[in-house]
Amino acid sequence: MIIGKVIGNVWATRKDEKLNGLKFLVIQPSKAGEGDKSTIFVAADMVGAGVGESVLVTKGSSARASLNIQDVPIDAVIVGIIDSLEVDSEFLK
Amino acid sequence: MIIGKVIGNVWATRKDEKLNGLKFLVIQPSKAGEGDKSTIFVAADMVGAGVGESVLVTKGSSARASLNIQDVPIDAVIVGIIDSLEVDSEFLK
Amino acid sequence: MIIGKVIGNVWATRKDEKLNGLKFLVIQPSKAGEGDKSTIFVAADMVGAGVGESVLVTKGSSARASLNIQDVPIDAVIVGIIDSLEVDSEFLK
Amino acid sequence: MIIGKVIGNVWATRKDEKLNGLKFLVIQPSKAGEGDKSTIFVAADMVGAGVGESVLVTKGSSARASLNIQDVPIDAVIVGIIDSLEVDSEFLK
Amino acid sequence: MIIGKVIGNVWATRKDEKLNGLKFLVIQPSKAGEGDKSTIFVAADMVGAGVGESVLVTKGSSARASLNIQDVPIDAVIVGIIDSLEVDSEFLK
């Protein structure tokens, strides 16, 4: 799962009808370092996440496992809202 | 799902016969920043998108979920046409 | 699907026996821009492509859909030979 | 599988209920070279790994194979703790 | 499939029991050019490859197709040992 931040919403009226009822949020992935660029993407929200929250995002075919419907064309889904992330100080730089 | 823009069409006469009847569009993914490069790719269109429109593209095995046919060799499909994308101003740079 | 060019052949005598009978071609993916590097890879050919031709390549689990055999360990397959690719001039740079 | 190091823990109270009971660790992937950046990510732990240990991480749909439950939305899992890694000296630089 | 070179071995005593009996090799992917970095990874060996040999590696869910066991958490497998790779001279640079 990647670590990301919810930074916005996206709306699409004309879409695959299997996507009806799903909420789509704009995600900014965590960066590796200063100057690093991270391309935003869109994930379906299954946990009630809001703008500004740090989230865990599952990508690929595993995203559909969260939806319990095998044939929904979703490749990214928010599966958790991060309470805290603890990294040992010796690994910080 | 990634955010992209439809920038053109692609034609292929000699192709896997399972692809017959599908429309293929050239997609330019959204960029992370100035000077960033984004390699164009090709997606099947399931929502009637046109050149110049911003779209949501599902990649990987989930793309086949949109086609309702498990055995079509497609790894990218346009699942929605973006009406609007709202990003909180504090996340803009 | 990605856009690539067939630039060569690859031979492997000792291989997973499920790969017997398949033709493998070396693919150079399209580049995002000058100075951009694109790592070559290998794809199974299902459409009779030849060296120098531009092709559509499906990657990931969807590649196996072209083979009609679920249990062949292939993650890239040429699904079409590109006749033409038309990109609107306003998107060229 | 990628080679990574466990550098921390992550907690999420509000999450997909299918994730209940799983332990999530923060992984730093091995780097290609000096100055190279590696974005951290999160993997479920199935082997009892601890902070500071080098691990093998399986990504994508194969991660779910470790869980023996097809419908858990997990795309990365620690499948082994590395005892030693031996690289022939002629390939070192 | 990607082109890589076997550069070493990896051992893990504590691992997912489904991985028992598999041989794991360290792979260096082919590079796009001088100065390019390629992060090493680990693949299961199904063809008896040895250190120094150039190999074809299948990644993702297709890797499990080589194992004939759907529920083994493997995302990379060596499916062939490359005898020769012929690239047309006009594509060399």
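Read from first to last, the chains carry the letters A, B, C, D and E; within each, the first residue is number 1.
The working rule: contacts are C-beta pairs under 8 Å (C-beta built on N, C-alpha and C of every residue); 3 or more make two chains touch, one makes a residue touch a chain.
As the structure is a prediction and not an experimental result, all values here were calculated from the model.
Student: Looking at the contacts, which chains touch chain C and chain D alike?
Tutor: Shared contacts of chain C and chain D: E.
Student: In the touch network of chains, how many steps separate chain A from chain E on the shortest route?
Tutor: 2
Student: How much rotation, in degrees rounded to the nearest 5, is required to superimpose chain C onto chain E on the basis of Cα coordinates?
Tutor: Fitting chain C to chain E on C-alpha positions yields an angle of 70 degrees.
Student: Suppose each chain is reduced to the average of its Cα coordinates; what separation in Å results between chain A and chain B?
Tutor: Inter-chain centre distance comes to 18 Å.
Student: What whole-Å value do you get for the distance between chain B and chain D if each is reduced to the mean of its CA atoms?
Tutor: Once rounded, the distance between the two centres reads 30 Å.
Student: Scan chain E for residues touching two or more other chains and write them down.
Tutor: 60-61, 63 - these are the residues of chain E that touch more than one other chain.
Student: Should the ring be read from chain C with chain E in second place, what is the ordered list of chains?
Tutor: C, E, D, A, B
Student: Can you list the residues on chain A that touch chain D in the complex?
Tutor: 1-3, 29-33, 36, 46-48, 56, 58-66, 68, 77, 79-88, 90-91
Student: Using the touch definition from the top, list the residues of chain B that touch chain C in their complex.
Tutor: Those residues of chain B that touch chain C are 5, 7-16, 18-19, 24, 26, 28, 37-43, 51-52, 60-61, 63-64, 70-76.
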